[in-house]
Amino acid sequence: MGPHSLESGTFRKRNMRSLQISLVLAATITTPSFAQRTDHGTLKQHQSTDEAQVDAERSLKSARIATESPITAAAFSPDGKSVVAVSQSGLHVYSWPALNRQRTIKSSAANLHCVEFSPNGKHIAIGGGNPSEDGIVELLSWPAGESLTKFDDHSDSVRSVAWLNDTRLLTASIDREIKLWDLEMPTNPILTLEGHSRSVHALCLLKDNKTLISAGIDQSVRVWDFKSGKLIRSMNQHIKPIHALAMRPGVDGLPMIASAAGDRTIRFWQPTIGRMVRYVRLDAEPLDIAWLSDGSRIVASCVDGRIRVVDPDEVKVTQTLHAMDGWAYTVAVHASDGSILVGGSNGHLGRVIP
Amino acid sequence: MKTLLQSLTLIVAVASVGRAEDLPEETVDFRNDLIPMFTKHGCNAGACHGAAIGRGGFKLSLYGGDPKSDFEAVVRQMNGRRVNLSNPEESLILLKPAEYVEHGGGAVIDDEGDSAQLLIDWIKQGAGNRTRRDLSSVEITPRKRVAKSLGELVTLRAVAKYSDGTSRDVTGWTIFSAEDPSAVDVDPESAVAKVLRRGRHIVVARYLSKVVPIELVVPLTDSNVDLVGEPRNNFIDDEILESLATLGMTPSPPCDDATYLRRVYLDLTGRLPSAERVNEFLENSLPDKHKVLVDELLQAEEFNEYWTLQLAKLLRIRPQQDDSQGALTYHKWVADQIKNDVGYRQVARALIMATGDTHEFGPANFYRTVSGQREQAEFASELFMGSRLRCANCHNHPLDRWTQDDYHGLAAIFAKVERGRVVGEKPNGQTIHPRTLEPAIQRIPGEQFLAENATDGRRQLADWLTDSSNPYFAKAIVNRLWKRMMGRGLVEPVDDFRDTNPATHPALLDKLAADFQANGYRLRHTLGLIAGSTTYARSADATAENKDDDRFYSHAARRPLEAEVLSDAISDVLGIAAKYGSEPDGARAVMLVNPKTPSPALDILGRCGREESCENTPGAVGGLPQKLHLFNGALLNARIAAEGSRLNQMHSSGKRPMEIVDAFYLTALNRLPSGKERKHWQGQLAELKSNDDQRAFLEDFVWGLMTCEEFVTNH
Amino acid sequence: MDTQKRCDGVSRRDIIRIGGLSALGLGLGDYFRLRNAGAAEASRIAKAKSCILVWLDGGPSHLETFDPKPDAPKEVRGPLETIATNVEGIRVSECLKQTAGVMDKLAIIRSMTSPLGEHNFGTHYLMTGYKPSPALEYPTFGATLAHVRERSGVLPPHIAVPDFSGNVSGNGFLPSATRPFSVGGNPERPDFRVRDLDFYRGLDLTRLDRRRKIVNAFDEFSRAKDASASLKSDPDLEQAYNLIASPSAKDAFKLSDEPESVRNRYGRTGGNSIGQSCLLARRLVERGVPFVTVNSGGWDTHQNIIQLKRRYPTDRNAHLPSLDRALSALIQDLSERGMLDETLVVVMGEFGRTPKINSAGGRDHWPNVFNVALAGGGVKGGQVIGSSDSLGELPHDNPVTPSDLAATIYSLLGIDPAHELHTSDGRPVRVAPDGATIISELLG
């Protein structure tokens, strides 16, 4: 906890906060008589033991509705047999397809927003941060789950991470910046791309090793040459914040990407020539998108808990399936069995077979 | 074992839901607990997150008007990062207002206070959106208090009543704001109000979307004012006198006959009474001569002309760019409605439902008054409901009940009207709702949506508006009629009815509206009622006690004449009519259809162009440029002594100076000069020996007469 | 939980009570110093005898004038470039070339902030220092000055060239005599005259004098029994008479008396006659008029912001170049005549404009941050006060409200912001709102 400065106006009290919380909890646990103070409470002192217990349980039940933080991102392991998912409680590992939770690895970041395996499958990068304070990407080993490095230069949460190759990755943050990192040099980014006027939520890399696509709240899809650090173009057809980007696999010729935004559209672009090819309108806001491995369809998970399967060439929705209650923040498609992983509110993680 | 289990369970329960004394019987309710908390702290005010664009990327609905979207903003958006379900105290929704992290709004809540605890408890309970009960109403007490003396403390209370029959005190979550903070001080912690200045003051209580005005009165004098003996003719007088008694204000005496005559002539016909009329009225000794006069004027042709003008201004009748025929047809139609005493309800229905060729069918021009369906929604609501929906364009109206759905829903109804030379149906017409980005669904404001494919939106609107139970329609028009006659609306501005802008005499407004409805919505009826009250007939001379009153009718108001009326009056007195565009000689300004008819006179006198509401053009207000013109310009100078003028003719027919003075008094001020006045003018004339000098003086005299306050105002 | 204490020992509760200092960007030291400034400050700093308010009606874009953002993304930056000024470190819009040459005399406040984004509300707030209220309409600076200062001379103390914004009455609750006198007409026209200053044929001053005495007599008689009447005669009539009676006062309006070179320097056309209006303002101020408002309309650029620079390829008279000519000429002219120290010049509108260019190529209303330029009258030139953030969206530091600006303008004109005016029913109203603080950086 460094000295506070009025002029800078930044208050970093979280460490103090955590200390206080532990103190309170300690106090609560070590003084059972505390629980019996009933001046203001609804527990009546003269209640019988059974009644009190039932009452407490009922209070507990009625009090709790959703206790789990939402799953904000999920990914299949390279061998397709596990799933990793992140939330405010950390990184969780599940078996596939049973989706049994096997373990949870805590993170120092309060919020986690993205998780990506490295191309060689040996590392996992999880991105997140302490809201309004910093943005962190943690590098873990896979499958051991050991924490290896931390990249910590953003001033607000990291929303998206993309691996360039096994030793370099890119991060996009709510602080409006995109940074390029080398694993060997975790303290300083190699490059920072500035230009977005609002939070950046999504990244997408083309196979040419130099083109990066980014998008976020400012509604623009930006195409960068990250080798030179220059913005090549900005495409502005969306009229609400953009949540996700995904590159279409199996395309010969001009690369194609898809974007999903709050204006309830999914738009298909050819970023190297700056063209919006076509778009489809959904009847619910899409939060995340993922292509089938042959690029023939794209799946969107939406705020109504449904997923929609879209034909990108005919631009129509071919299937709408109920996946969960609440918002479906993340969707992934299994590379071989083609089934769909959906994660979202209330810690939900589920499998949908189209 | 059981005891241990019990203790452990309790402890777990405590750890998860908060301190034992706060262990809630109910869960923390987002809608009923948190949103009032956001409102109380100003989080969702227009200056902060309630702004149309939100703040810092976080948008709440203005004053909690949309709990559903607020829930999504707080719990769901941005990957749910604002609420940390795994570590509640890490939630951004707490860190920011308690200023643990940088917050543009500063430290809004105390980290140890109730608000912070509410947030934490709610998050610990899972940050849910379940509402056990819906808010039905908020009971604010007192609604009205007449304090005995200044400095008396009034405790304000707010009790929320819910759909399940329960209720609770929500005073701590209610915002009480005095309309005039220098007159009333309200302590935000204790909700105790103190009146600092005598008079009647409004404090507005806001809890969630419920807005309730509180009237606090401290009479102007400490002694009791008894007005039981004051003369009264109808319920208007009962209501007015009651409020004056409460305020401790004594009214001025009634005005004299000559004043009454001039006043009612101007108000009902826009003209000055002739000299003959004045003499006859003054000599008449019948006890009901006022009533007879009013009845006669209500049936006069001049009434029709003048009140056609009033309605034309209300409807903003004016020619379109290259098309003046429509305005003429429209004007003629309005004139017919007035002449035939058609009920206002019928007039409104005809306007709303109009279709046809605007050159042939007058009411169709209603749809050419403004351009665009949104403008039409604004115009229609201000005209027929006396309500400004326009703020609800971008967000739910901050001071009133209107929502974006209401605004765009009304616009959607008008979107189905084909506007142009021929007005007709446009079944596919639509307007995009800025929040949903979809076509807005047609909606009766504040009531309900219409069926999706409804094609009779206008008829449904007209039915609702003119239904006897509609709370706005009758009040809006009688308030305007009242303003025309009394100088100020019971609600001001007249197109700004809202919960936070209560009438000065709510009971009177209700009664006037009910009476209007019960009498076929006939303008003549209500105008006659007002003209027959003792309130209307009060003198404009204020007494020492009531001279600061500008809204309780203790004395009559002096009102500047409208430009058209004044111009006609000047023409009448001077004996030479002003020229209006290419209208025939002798045309009266009150009869002009086109408000832009070329006329330097009307320009100088400040006429309303009708592109916007004419409520704000008080008429010939004065000001330096106008006075310069009166001195040196042609308006008066060209006509005072010109050939054919009254003055000239009187000279020619050999009238003596004091005869001329008397004659002009009668014609312009509609009375004879008093003894003092006569002596004054005689004295002035006596100093001038030659004929020429006297003639020059009389010109100056006439000029002064046309410029003085008594002439240019209705008093 | 323990009370949070800052490192300087002040507890959170104190901060909450004092009211969100961090939002003001102030340390406690600044706060207490400014609170005590008040009346003593006002009398000390009063330098200006007169004020010329150049009112840019409609809400001039801060990004296209005094607070450009060359490093922001294109959709924020807009189509204009920036240029350096004669003060190092200050850059302005490319269209303000000549003004850039007198930047050493100008102070720019870049962190103005207001919540009111509608024309009428914003205009009221900026012109009076008070947010509009249903209870009362407040008087503008000129009306207050006209009311408070001793009347000297015959020219109306509060003049508007060529007309006055329709969004406020001008005098608020003060007597109508303080309402601005609009000269009317178009100062650019060769035949520009203020109407009705010359006698109607056959009349002379003696007749006019008698006429006004007759009106006074009528008014006195009619109000003899009215307790609410004031004894003074119709002030507008008196003022009109006095103006007509004074040849020198009438001459004040004769723009044709100015040499061509001067008229050209201010600009003969463009910006809705802003050039000639500023010249007329200088003439009036020279003759002792305390407050002149120059009204330049057309700044409400919801579409095609490039039109501020030019409307067609060879256009030299678009609003920005016209403003540039007029403002720089005014400042230099005042300076050359030795009048700048005593004449406060204020350039502003009712709000700024949206940082992101809209789909029509323009910008919409944006009160959250905007700028005001001041010169003369005791203002320390060559500086920028406060700043907006990198996108021109919100104040970055030192936010200044229109109330603060009002308190400062009044102080510079020698009126204590705490001075009380009275409404017609005797209610006391401060000239500037309670809590408004003088912008100390502006003072020399």
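Going by the order they are written in, the chains are A, B and C; count residues from 1 in each one.
In the analysis below, contacts are C-beta pairs under 8 Å (C-beta built on N, C-alpha and C of every residue); 3 or more make two chains touch, one makes a residue touch a chain.
Keep in mind the model is a prediction, meaning the values are calculated, not measured.
Chain contacts in this assembly form a complete graph, since each chain touches every other chain. Set against one another, B-C and A-C show the most C-beta pairs in contact at B-C.
Spacing of chain A relative to chain C, judged by their CA centroids, is 51 angstrom. Centroids built from CA atoms put chain C at 30 Å from chain B.
Counting partner chains per residue, chain B has residues 99, 102 touching two or more of them.
Counting partners per residue, chain C has 1, 4, 21-22 as the residues that reach two or more other chains. For chain A, the set of residues that touch two or more other chains comprises 9, 13.
Looking at the complex, you find that chain C touches chain A at residues 1-2, 4, 6-8, 21-22, 25, 27-28, 72-76, 356, 391. Looking at the complex, you find that chain B touches chain C at residues 46-47, 51, 99, 102-108, 110-112, 179-180, 182-183, 197, 501, 540-544, 547-548, 550, 621-634, 637, 674, 676-677, 680, 696-697, 700-701, 703-705, 707-711, 715. Of all the residues in chain C, the ones that touch chain B in their complex are 1, 3-4, 12-13, 15-16, 19-23, 115, 133-136, 156, 176, 179, 181-182, 184, 195-200, 203, 207-208, 210-212, 214-215, 217-219, 221-223, 225-228, 234, 236-237, 239-241, 243-244, 394, 424-429.
By the touch criterion stated above, chain A contacts chain C in their complex at residues 3-4, 6-7, 9, 13, 16, 20, 24, 195-197, 220, 234, 236. Touching chain B in their complex are the following residues of chain A: 9-14, 17, 21, 25, 28-29, 32, 34-43, 49-50, 52-53, 56-57, 59-60, 62-70, 72, 87-89, 110-111, 113, 130-133, 157, 159, 174, 198-199, 217, 239-240, 263-264, 303, 326-327, 329, 345.
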